[in-house]
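For reference, the structures are reproduced in the following blocks.
Okay, so subunit A shows up in both of these, paired with subunit B first and subunit C after.
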Partner chain A sequence: MKILIADDNNTERLILSRVLENIGHEVVQAEDGPTAITQFDNHAPDLVFLDVLMPGYDGYEVAEIIIKESTRPWFPIIFLTSLTEASDLAKCIDAGGDDFVSKPINRIIIKAKVDAFERIINLYDTVAEQRERIQFHHEHLVQEQEAAKKIFNNIAHRGCLESDNIHYHLSPMSIFNGDLMLAAELPMGGMRLMLADFTGHGLPAAIGALPASEIFYGMTTKGFSIPDMMVEMNTRLYNVLPRGVFCCVIVFDIDSLGHRLTIWNAGAPDSYLIDQKRNSIQLIHSVHLPLGIQSPQKFEINCSEFEFTEHHKLIAVTDGIIEATDHNSEMFGEKRMLECIKNASTDMSICDKLLSEVGIYCGELDQADDVSILEVGFPGKSNMAVTSLQDSTVTVSGTSDSVISLRLRGQSLGNFDPIPMFLQTLLACKELMPHRARIFTVLSELYNNALDHGVLSLDSSIKNDPQGFAKYYQQRAQGLKELDVGFVNVSVDHRPTATGGELIFELTDSGSGFDVEEIVKKENQNYSGRGLPLLISLCDSIEYLEDGTRVQAIYRWDHDDIRD
Partner chain B sequence: MQSVLDLEVLNELVEIMGDDMAMLLNSYFSDSQNKLDQLAKMDWQTEQETIFRMAHALKGSSRNLGIVGFSDMCESIESQARANNLSQNDFDLSALNQHFKAACAELRERYL
Partner chain C sequence: MAVTSVTSADGKSLTISIVGRFDFSAHQAFRDSYEKVIPVPGEILVDMKETTYLDSSALGMLLLLRDHSGGDSSQISLLGCNEDIRKILTISNFEQLFKII
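On to the complex of A and B.
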């Protein structure tokens, strides 16, 4: 070590120097206070011996200056003193000294003290070095997280979360506490939303967000149903997630044409379906294990269906809000949450109300980072306008002159949803992209009518109240399960015309048909039926043949339809 | 003749200083002589603060060299002067000089 000795007494300074040199240290000497400070600046010693009584500045003053000038977090100073009174010795420590040795100099004590200080200095250096290293790694980590966040946010983007009917709270770093909120418009209007909570924190929790988002946006735009999408998502997560990491999820479609909520809760806290007109709240419980746990062979999904209108709201949360704790580590809990939702007034969003309540509950413990809340109202009537799409990458005119036809029989009617397949194939013709919402709607309405009212003979008027709504979909699921005969034949004939093209949809079903005229008359007063008025408004012509077991609808499109 | 030195201290000092023992002694002789000369010019009544510092320094260096009697005298002057309580009787310069000379003589004889 390099040691500075400041002592005006030559004899003592010489002896101490020699003692220190003899045990291998480098010594710098000063014979008064000002010289001590100059030597300190010039030589940057590791340790200083200071005589208390010196001309110029005394030892106390020198100590003060040295401590002020030193750039180290700690600089060791040992006072040399022949003073023996306790108050004099205490003053050495008060002045910033770390120890004192009394004169005359005893080489054994000097060596012991210097050795002890050397160990402390080394410890300090190690700590400083490690601190620097930790700081470096920390900065590196923050940079990486920032970069990762950008990538994640591009893939797991928020979709249409900013729509007017949605209020939500999600921390900017939510991706790293495993929360994910996605929203996309459904091809036939309405919305699909998903709130997911991956176990764990940091990058491991975020990794599953990538495949989940990709599948969500990819399959939603292509018109896949929630069960199809969740089967795919579970399979992917089951394969990619490490053991112990899984994903609680709540996913739902709001069909704005059918005023229907299709919802599935897998491992997430209860969701709340609020009917503001009837002033009732229905809890939607988890009905399945979280994603990523069950093997694809065992995975089975049954959605629940509810009526959803302008008077309804849905609240979905992750466990962050329920597990938020107050000063006594007591959780906010589901009871308080339900109470808060019940008492919510209409002039404030329930999301904001919940946030402020949980904020008050937790006091200054800021836990908002872990809280994700999604509040969704009715999205309004779907926009069926012909829209131009910027992101179409499909090649020109792929299927502009083609016939696609498919016949589904028996169990396949329940197990396979043909709409996405038809849509995908048709959209290989780039010119149809602006018409996708209309085509999707026409096709799915026609198909669902053929299946529900044709093959399964369900009565759409059951759906006129909430209980009936659930009953209808129960009957439908039951019917599909028991189906072993019956068929639906779908054929789409796409032909070019002088100015664009025409799509001729033709569906035949094995049902017993219906009285077309009467249904059309009834449906003009009621929206939850077969959607015939909508079909009529979208298509150029629609014709029921063979007692309503066969329908032919023509949809014409024109190159000039695309308007911004 | 009885020694005025603590030989145990000095033996250790020789071990510490090695070849520099002579340099240390010569430096001590001239520093101390200097201080004694200055003390001789002091007014014991009005300059007790300075006398305290001088005696303190003399005591310190002498004790390191094992000069027992002389350093004890210095210490007594130091403590009286520090308390501003020095009497003419305490401030016996001729006794001080005598002890110093005896110590120097013996040091020279033994170590130079």
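On to the complex of A and C.
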């Protein structure tokens, strides 16, 4: 170590120097206060011995200046003193000294003290070095997280979460607390939303969210149903997540044409379906194990169906809000949550109201960081516009001259949804992309009519009240389960024309048919039913044949439709 | 939090007791309580009579225990769960995987 000795007594200074040099230290000397400060500045010693009484500045004053000037977090000073009064000795420590040595000095004591101080200095240096290293790693980690967040946000983007009918709260650090919120428009209008909560925090949760997001956006735009999508998501998560990590999820479709909510809750807290007109709240419980636990062979999904109109709202949350605690560690809980939703006024979104209540409850808003809330109202009807084609080249390609035909029988009617398959094949003809919402709607309306009213002979008039709504879909699910006879034949004939092309949809079902004129009359009064007014408005022609067991609809498209 | 475990005299069943909060802090102790028991007992009882709280990482730990003791063929019972814990298990539908008594 380099040690500075400041003492106006030459003999004592020399003796101390010799002692220190003999045990291997480098010594710098000063005979008064001002010289001590100059030497300190010039030599940057590791330790200083200061005589209390010196000309110029006394030891206390020098100590004060040295401590002020030193760039180290701690600078060791030992006072040399012939004073023996306890109060004088205490003053050495008050002035910033760390120890004192009584004169005349004793070699053994000096050596012991310097050794002890050397150990402390080394400890300080080690701590400082480690802190620097930790800081470096921390900055590096933050940078990496920022970059990871950008990649994550591009894959698990928020979709149409900024739509007018949605209010949400999601912590900016949500990636690393495992919450995920996704929203996409359904091909036939309406929306699909998903709120997911991966167990654990940090990287494992974020990594699991990536395949979930890709599957969500990929399969939703292709028109796959929730069950098909969740089977895929569970299989993927089951394969990639380690045992013990899983994903609680609420996923739902709002079909704005059918005024229908299709929802599935797997391991998440209750969701709240609010009917503002009837002033009622329905709880939607978890009905399944979270994703990633059940093996694909055993995974089974049954969605619930509810009526959903302009008067309805759905609130979905993750457990963060329920488990938010006050200063007594008592949880916010479901009771308070339900009270808060019941008492929500119309001038504030329920999401904001819940956030502020939880903030007040916890005493500090920081707590709300782990809270994810999703509030969704009716998305409004899709205008079914023909969208513009991103690639402006107009050439006829893909399946523009083709017939696709499929006959589903018995159990297959319940097990397989043919719409995504048809859509994918049809859209191999790129010119049809701008028409996809319309084509999807026409095809799914026609197919559902054939299946629901034809094969299963369901009566849509029971859908006119909320109980009936649920009953209808129960009957449908039951009917599909028991189905062993019956068929639906779907054929789509795509032909090019001089200015574009035409799609001729032809569906035949095994049902007993229906009175076409009667239905058309009823349709004008009610939204439920066969969606005939919609089909008529979208198609160039629609014709029922063979007592309503066969339908032919023609959709014509023109290259000119596409040019905006 | 304290985790203790006892193997029955015939070695066929293992009882793991958790006192206090069952959360991530119990992770190592919970694993140790069954991983060191060889051979894996046919029946496992998780005694939660004195467990006050259970979080999602505890659910994960239960799944690890289930996997360790044979997955779908395992026989694990959760004993004496209080109402809050029962509720958390129900939300996650864990009664499909464990016998909740």
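List of remarks:
The working rule: the second predicted complex is superposed on the first by the 553 of 564 C-alpha atoms of A that agree within 3 Å, B and C clash if a C-alpha of one lies under 4 Å from a C-alpha of the other, contacts with A are read in each partner's own complex, and residues count from 1 in each chain.
Here, contacts are C-beta pairs under 8 Å (C-beta built on N, C-alpha and C of every residue); 3 or more make two chains touch, one makes a residue touch a chain.
It should be emphasised that the depicted structure is a prediction, and the values quoted were computed from it without experimental measurement.
Of the two partner chains placed by superposition, only subunit C is touched by A:Ile293; subunit B is not. Using the contact criterion defined above for the overlaid structures, shared-chain residue A:Ser82 touches subunit B, although it does not reach subunit C. For subunit A, the partner with contacts to more residues, out of subunit B and subunit C, is C. Judged by the touch definition given at the top, the superposed model places A:Val19 against subunit B, while subunit C stays out of reach. Once chain A of one complex is fitted onto chain A of the other, the partner contacts of A:Arg243 are limited to subunit C, with no touch recorded for subunit B. In the superposition on chain A, contact is made by A:Pro104 with subunit B only, not with subunit C. Looking at the shared chain after the overlay, A:Arg133 reaches neither subunit B nor subunit C. Contacts of A:Arg72 after superposition: neither subunit B nor subunit C is touched. Once chain A of one complex is fitted onto chain A of the other, the partner contacts of A:Leu53 are limited to subunit B, with no touch recorded for subunit C.
No residue of subunit A lies at the contact with subunit B in one complex and also at the contact with subunit C in the other. On the subunit A side of its complex with subunit C, the touching residues are 199-200, 243-246, 248, 266-269, 285-290, 293-295, 298, 319, 323. Touching subunit A in their complex are the following residues of subunit C: 55-57, 59-61, 63-64, 67, 72, 90-94, 96-97. Of all residues in subunit A, only 8-12, 14-15, 18-19, 22, 53, 82, 103-105, 107 touch subunit B in the complex they form.
For subunit B in complex with subunit A, the residues that touch the partner chain are 9, 12-13, 16-18, 20, 23-24, 27-28, 31, 53, 56-57, 59-61, 63-65.
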